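In this document, chain identifiers A, B, C, D and E correspond to the written order of the chains, with residue numbering beginning at 1 in each.
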Amino acid sequence: MVERRPWLNLLSHAVLLLGVAVVAFPVYLTFVAASHTTEAIVQAPMPLLPGGHFWDSIVKALTGQISGPGSKAPVAQMMQVSLISALIIAIAKIAISLLSAFAIVYFRFPFKMFFFWAIFVTLMLPVEVRISPTYKVVSDLGMLNSYAGLTIPLIASATATFLFRQFFLTVPDELVEAARIDGAGPMRFFKDVLVPLSSTSIAALFVIQFIYGWNQYLWPLLVTTDEKMYPIVLGIQRMISGGDAANEWNLVMATALLAMLPPALVVIGMQKWFVKGLVDSEK
Amino acid sequence: MAAEKRVLFQSSWLPWLLLAPQLIVIAVFFFWPAGQALVQSLQQQDAFGTSVEWVGLENFQRLFSDPTYFDSFKTTLVFSVLVAGLGLGISLLLAVMADRIVRGSTVYKTLLIWPYAVAPAVAGVLWLFMFAPSIGVVAWYLRAHGFEWNHLLNGNHAMGLIVMAAVWKQLSYNFLFFLAGLQSIPKSLIEAAAIDGARPWRRFWTIIFPLLSPTSFFLLVVNVVYVFLDTFAIVDASTHGGPGKETEILVYKLYYDGFKGMDIGSSAAQSVVLMVIVVLLTIVQFKYVERRVNY
Amino acid sequence: MGAIRIHNVVKRYGKGPKANQVIHGVSADITDGEFIVIVGPSGCGKSTLLRMVAGLEEISEGEISIGGRVVNDVEPADRDIAMVFQNYALYPHMSVYDNMAYGLKIAKVPKAEIEARVQKAAKILEIGPFLQRTPRQLSGGQRQRVAMGRAIVRQPAAFLFDEPLSNLDAKLRAQTRLEIQKLHRELGVTSLFVTHDQVEAMTLAQRMIVMNAGRMEQIGTPEQVYGKPASSFVASFIGSPPMNLLTGQADGTRFAAGSGADATTLLLPAAAPRAGALVLGLRPEHVEIADDGLWPLQVETLEMLGAERLVHGRLGGALFTVRMDATLAPPQVGQAVRLRPAPGRLHWFDAGTGLRVGD
Amino acid sequence: QTEIQWWHSMGGALGEWVNDQANDFNASQKNYKVVPTFKGSYDQSMTAAIAAFRAGNAPHILQVFEVGTATMMASKNAIVPVAKVMADAGYKFDPKVYVGAVAGYYTAPNGQMLSFPFNSSTPVFYYNKDAFKAAGLDPEKAPGTWPEVALAAAKLKASGHKCPFTTSWQSWTQLESFSAWHNVLFATKNNGFGGLDTRLAINTPLHVRHIENLANMSKQGLFVYKGRANVPDATFPSGECAMYTGSSALYSSVSKNAKFAYGMSTLPYYPDVPGAPQNTVIGGASLWVMAGKKPEEYKAAAAFFNFLSSAEVQAKSHQRTGYLPITTAAFELTDKSGFYKKNPGTDVAVNQMIRKTTDKSRGIRLGNMVQIRTVIDEEMEQVWSGKKGAKEALDSAVTRGNELLERFEKANKG
Amino acid sequence: MGAIRIHNVVKRYGKGPKANQVIHGVSADITDGEFIVIVGPSGCGKSTLLRMVAGLEEISEGEISIGGRVVNDVEPADRDIAMVFQNYALYPHMSVYDNMAYGLKIAKVPKAEIEARVQKAAKILEIGPFLQRTPRQLSGGQRQRVAMGRAIVRQPAAFLFDEPLSNLDAKLRAQTRLEIQKLHRELGVTSLFVTHDQVEAMTLAQRMIVMNAGRMEQIGTPEQVYGKPASSFVASFIGSPPMNLLTGQADGTRFAAGSGADATTLLLPAAAPRAGALVLGLRPEHVEIADDGLWPLQVETLEMLGAERLVHGRLGGALFTVRMDATLAPPQVGQAVRLRPAPGRLHWFDAGTGLRVGD
C-alpha cells in the first residue's frame, strides 16, 4: 500500500457496496415480485420483502399455466429453444471463426487483404439494420421456423474472427517453427497447438456469443411462427403485451428470472476466462 | 495492418477451404441482404412489395429534409452522451474502488458482472416495472417523496428511464475493462508518483487516468455503438419512443418506419445511413487499436 | 544529513499466526554520502528492505530514520528520498522533460528553477536531445538514464535503487555501472542500491550488505567480503566462479572430504583452526595445477574465457574449479591432475552454522 | 385433409377463445384443419405477415386490426376478397345479414366485402360505482356528457381519488369515435371511404374544444394520462382510475378482475352539438385471405368463415368476449337468451353501433393509419404535458398526418 | 553423417530492388560431430543463417547440405535436425512428456519406443520428475532442459540452438553451459549454436564463427579467435573487458595516438609491422602498471571484480583498461600512472579495412 489511509479503504467498500446494491436492486425486485401474487404486486407500493409464492410462480411459469394476456407457451420449452439456439450460435461461430482467422493469420494467398476487410466490415453491424432482406434470404432458403434460421444469420459477423486474429497474432512465431520442425502440417498445428492455446479466447467468445444468442429478440420475433420455436426473451415480451396490471406480474417476473439464470450462470461460472480472454484480445 | 507472422504455411487451396464457411455465411446472410437494403433504399414500395418503383435518392432526400429525422439524431446523440458518460463514469469509479481493495475485489467483481447476462429486452421490462407510473415501486416512492415521476408525459423522465436501463445493462462490461486496465498499470508507476509527492487524487488524474485512455477510448466506441444499435430492445420494451418523439432513437425509428409504418424505402435508407456511421466508427477504432500496442 | 539508520527492522506480510515474516531484524548504519549495495539471492528480502526505507511498505517492527528523523510514519513523498525502479517506472504518457519535472511541479518549485534543474540533470546524463521524446521512443539505456534523471532533479537526501540495471544487456550494464559510480562521486548523495548480481555489487559498493533469507549475513567493503566471507553462504555467493567448498572432517593438517566411494583425505598446507566437521573453502584462483600438488582432481570440462581458462573437475565427490592462465597448456578432459592450494588462502566455516571459523 | 394457417394477435383469454373457435371448426368436419398461431400484438403480426408475404410464406388467414384496413385494401395483389373466396367455394354470402356499421367498414366501394369481420369492438364508457358512491355521486347514473364527466371527476378528486378519468387508445376514443359520435368528419372524402386523396380534418373548433377540455382536466388532475394504445387498460379493473373510455372488449377482463361494482355506458358527448350522439366507429380486427394459395386451401378458408358466421357461434363469441355480434341474427339470439338483462351494460356497445350510419360516421379508412395514430399520440402527449396548446397540436397532427396520407396515395396510385 | 556444408549462402528479405540483403555470401564447412558457435552483435544475421539451415527461411542464393544431401528444398521436418529456441517454444498446453513426444508421434514412431526415448532423454537431463507437469509449472532452467530434451529425442543429425541460454540468470547460464558441453561430448552430434554473448561462445565452441553485418569475419577455435583476432571488429567483440584499441600513426617503434590536445606519442616495445594509419590493440591483461612503464594513463574509475580489479583510464583521449590482480594495491582515482605493455602481445589492424596486419 502506497499510503496509510484507512478511511480511503472504507470509502472504497462503501462505494462498491452502493454500486452492488444499485446493480442488484432490479433483480432483487424481480425476485420479490415473483414471490408474491399479482394482487399483492399491483397494490402500490408493492412489498419490498419476498413473499411465499416463489416456487409457485416458478412452477407455473415453467409449465405454462399463464392465464393473462400473452403467450401460453410453457417457459421450460422456450428455455430449451433459447438454450439450443444460443449453443448453436456460440459453437458454430467459434468454429468458423477459428478456421477463417487461422487462414488469415497463417497463410499468404491472393486477395488476402480484400477478404480480411470483407470480413472485418461485418464486425459491428447487427442483424437489425438489414433485417428484412435477411428475412427474405432465410425464407427463400426455407429456414423459417428452424434452428438454422434462428441461428445462422446471427453467425454472420466478424467479431469472433477478429478476436481470434488478435489472439493468433500474439502466439509466438517460434511455436509454429517448433511444430514445423516436429513435422506438423498446418492442420495438425491448428488442431494440436493453436486451438488448445486459444482456449481462453474460446471461452470468452463462448460467453459473449452464448449471451448474444440467448438475448436475441427482434430476429426470433420475425423468423418463428411456430410457438414451439419461441425463445424465452420473446416469451417475456409476449407476456407483457397487455399493459401494467392485467399482466400476471409474478409470472412475468418468474419468467424473467428464469430467462436471466442460464446466461448469468455462464457469465459467472466462466468469468475468469471470460474476462481474461476478452481483455487480452482487445488489447 | 502491419502485423504479420514470420512463418507462414504454404498452400494454394487450404486457406480458401478454411475461409469458405465464413465467407459463405457472410456473403449469403450479410452482403446479399445489405446489398438488398441498399437497393431498397432507392425504391418506393407498398407494404407487400407488390408495386415497386425506382425513386433514386428521393428516400434520402426526404430523410434529410425530415425534421423528425434530425430530432431522432439529436435524441440519439443526447442518449449516447448520457449513456456513455454516466456508464463510463460510474464504472470507472467502481473499478477504481475495486482496484484499491486488495482482498475481496473478486467478490465485488462477481457481484457486478452479471447484468451483462441480462437481455436488453428484459432489462427494459425490469426498469419499466420499477418505474411504471401505476405499479412501479420506485415511481411510488419517488411520488411519496414529492417527486412526480411520469415518463409517460415527461420526456426527461422517459429519457432518464432508458438511460438508466441502458447504463445498468452496460455497467458490468465497462467495469471489467476498466478494472483490467487499472490492474495492468504497473504498480511501480503509482509508487513512483507517490514518491514524487502526488496524493491519490492527483495521482489519479495525472497518471492513472491518462494511462487508462486507451481502455477509455475503446470503451467509448463500444458504448456508442451499443447505444446506436443494441438499445432498440430497451426502448421497445419501455417507452416506445415516447412521449412525443422524445426517446425515439435512430434504430427505433428505423424499426418503426419499416415495420410499423411499412415505409420500406425510408427504413432501408436509414439502414444505409446507420451502416455508414457504424462502419466509420469501427474503422476509427480499428486504426486506434492497431496503433496503441505499446502503451 | 542523508544518513540512514535501520534499527532492528522486521517485516511481516499478513497478520496474526498466518503472517509471513520475510525480514528478521536487520540493522545497519549508513553514513551520509555512502554508497551501499544490498545483495543477495532472489527472494531474500532486498526489495522489501529498500521499500521500507522508501515508505512503500509498512515497517512491522523496528525503526528507520533518514537524516536523523524517524520516518516510520512519514509518507514516501516526505522522506526526502528518490527511487529508481527496476522497470524504470517512467510515466509513459509524459515527455522525458515532464517525467523529470513531475515531482518538482507537485512540490510547487518555480518554473524557472524546474527548467534549470532538469537541464542540469539532462546535461550530466547526456539526455538533452531526448527531452521532448516519450519514454517509448527511447532505448533501454536511455530510459535508465531518464529514471536516474528523475531521481537527481529532486536533490534528495538519499537515492534508492532497486536493480536498476537488470533490464540492460551486458555491455550496457558494464558501462552504466561506471557512470553510476562517477555520478555518485560527483553528487555525493547517500545511495542504497539493491542487486542480486554480485559483480554489480562488488564493483559499485563502498560497503555491501549480503542478505540471505531475510537476515543480514555480512556488511563490509567488497574487499572484506570477498577476502574474508563471514559465512559459507557469503563465500559461495560472492565471486565468480564461486569459491570451491568441501565439507569434511578436519583433524590438524588432515581433512577428510567427501564420503563413501568419493572419500578422499587431503593434506592441508596449514593446520585447520579446529578439529571436527568443517567446510573448507578455496577460491579457484588460489589453487594451481602442479605435478607435485597435494590434492587429486579428475578433470571433467574446460572453459576458455579468453585471458583465463576454467578447469572443472571433481574432488571428494564435489565439483571443484581451478582458474588458470589461458596461455598455459590446459589439462585434458578426463585426465587426473594434482592441485596445489595457495598457502594462507584457505577459508574455514562451521559445517553446522556456516559461520566463519578461525581468523 | 387440407391444412391452413391462421395468424392472430389474441393473447390470454382471447387466445383461448381463438383456439376454441379453430378446434370447434376442426371437430365439426374432416376435410379441413385450421392452425391458429399467436404472432404478437396487432402490429407485430401484421409486420410478420408482410415480411412473410414478401418471402412467399404468408399465412392463409391473417387477422388485421382495423387501422391496417386501408393498407390491406390497397394491396390488391396481396389479398383475395372474402366475398370472392366465399362465392368461389359456392357459399351463399349475403352482406346484408351483417350489422351495417361493421360490414360497411370492410366493404369496397363496389360493394364487395373484402375481409371477414371477426372481432369488432367499439369504445364504451366504464365507471367505478363504488368510487362514485364514495364521492357522493349517484352510482346508478353514468355521466352522459363531457361536462358531466368533468363534474364527476372533480367530485371524485375531492373524495381523494388519484385518477378520476383516463382513456385508452386516445386517437380511437377521443378523435375517431368522437368524430363519428358527433357526426363530424375525421378526414375528408368521407373519412377516406371516398378515395385515397383524403386529408385529416381534426383541427375543427369542435375537436379543439374537446382536446382543450381534456387538457384542462389533465391540468387539474381530473384526467390522468396513462399511456398509449391499450396500456392503460389495467388501470380500470384495478380500481386505480374511476372512469374510463376503452374498448368494449375490455369487458371480459373487467368482469373477471374488478373487485368493485362497475357500470358501462355510452360514450360521453357534447349536448350542444347537433346530431350527437350519432354512432361510434368500430375497432378490433377482421380476417383477411392472402393471395397466392391453392384453390383447395381457399375452400378451407371459405368453410371456416361459413362456420364462423353462424348465429350460434357468433352469439357465443359475443357473450364470451365483449366483441360485437357481427350479424343481426346473433344479436337477436343473445337478446332472446336474456344475456343483456343478466349482464347490464353489455348491450351498450351494440346499441352504440346498431344505428343507421351516415357518410361521416361509417368508419375511418386511412392509409398509413398506424403512423397517423402514432403522430396523434405524439401530439396529444405534448398537449397533456402542457408543451403545446390543443389547436397547435391538432394543426400539427393534421399537417404531419397529411404528409403520410399523401405518401400513401403516391405509393398506391398504381 | 551430420556434416553441414554452407556454400555461398545469401539471404534477401523481400523481392526486387526493395530487397533487403542480410546475409552476404557465407560459407562454412562443419564436420560431423563438431560444436560450432556463431557469435556476433544483434542483427548481424546469426539467426537468419541458422534458420536457413533449419529450413525455416528460404535460401536466396547458395546451397546448404546436411549429411551430404542438399536440403535447399527439403521441409524442416525432413532435414534430420532439431532446434532449441531462445524462448524454448514449448507447447504450453502439453505436458513435458507430450512436448518431447510430439514430433515422434507425428513421425508415427511406435509408442513403446517413444516412451523409451523420452525416458532416456529425461534421465540424461534429470527432468524425470517433471514429465507430467506443463511448462508453466517449471522454472526457466527446467524449461530449457525440456527444450533440449525435445531436441534429443529426435536423434537428429544436427542440433541447432538459437540463443538457448539468454533467458536464464547468470548462475544458471554458467551451469547449463557446462551441461550442454557434457551432453555434446556424450552424444557427439553436430551442433550449431547461436549466441551474441562472447563468453558463451568462447566457453562452448570447438570452433566459432564471428559474424558482423551479414558477413563472416573469422572462423576458428576460441584460442585462435582470442589470440589472433582477424579484424579490429573481432578484437573488440571477443574478450571482456574488451581489447583496448588505439587509432594512430605508426612509424617504426613510435605510435602517435589520439589527436589535438589528447595526442600522445607512445614508444612501442617492438616496431609496428608497417608505417601509416593503424589501429593498435592490447588486451587489458597484457599490460601492467609499473613506475617505469612506457605509456602514461590518467586513472578514472576502479572496479573490484573479486580476484582482479579493473583500472579504467584515458590514454590519447581513448578509454583504456588495465586488469590487475586484486591483491595488489590499486592506484588512486585521478592518479597518473605508467603502463608497461607485455612484449609480443600487441595486435595491429589496418585503420581503414580493420583487417589484421602483420603476423
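Rule of thumb we're sticking to: a contact is a pair of C-beta atoms (placed from the backbone, for glycine too) under 8 Å apart; a residue touches a chain by one contact, two chains touch by 3 or more.
Chain labels with UniProt names: A = sn-glycerol-3-phosphate transport system permease protein UgpE; B = sn-glycerol-3-phosphate transport system permease protein UgpA; C, E = sn-glycerol-3-phosphate import ATP-binding protein UgpC.
Note that the structure is a prediction, hence the values are computed from the model and not measured.
Between the contact lists of chain A and chain C, the overlap consists of B, E. The chain with its Cα centre farthest from the Cα centre of chain C is D. No other pair of chains has as many C-beta pairs in contact as A-B.
Once the centre of each chain is set as its mean CA position, chain C and chain D turn out to be 92 Å apart. For the pair chain B and chain D, the distance between mean C-alpha positions equals 39 Å. Distance between chain centres (mean CA atoms), chain B to chain C: 55 Å. Residue positions of chain A touching 2 or more other chains, listed in rising order: 1-3, 42, 132, 136, 138, 177, 180, 237, 244-245. Multi-chain contact residues of chain C (touching two or more other chains) are listed as 56, 75-76. Those residues of chain B in touch with two or more other chains are numbered 7, 134, 191, 194, 259. Contact residues on chain E toward chain A in their complex (touch as defined above): 51, 54-56, 75-78, 81-83, 85-94, 102-103, 106-107, 150.
Touching chain E in their complex are the following residues of chain C: 170, 174, 177-178, 181-182, 185, 196-197, 199, 202-203, 222-223, 226, 238-241, 283-285, 300-301, 303-307, 310, 312, 323, 326, 333. Across the complex, chain D meets chain A through its residues 5, 7, 11-15, 37-41, 44, 47-48, 51-52, 54-57, 59, 227, 230-235, 237-238, 240, 253, 257.
In the complex of the two chains, the chain B residues touching chain C come out as 186, 188-189, 191-198, 202, 206-207, 210-211, 213, 294-295. Residues of chain B that touch chain D in their complex: 44-51, 53, 133-134, 152-155, 240, 242-245, 256, 259-263.
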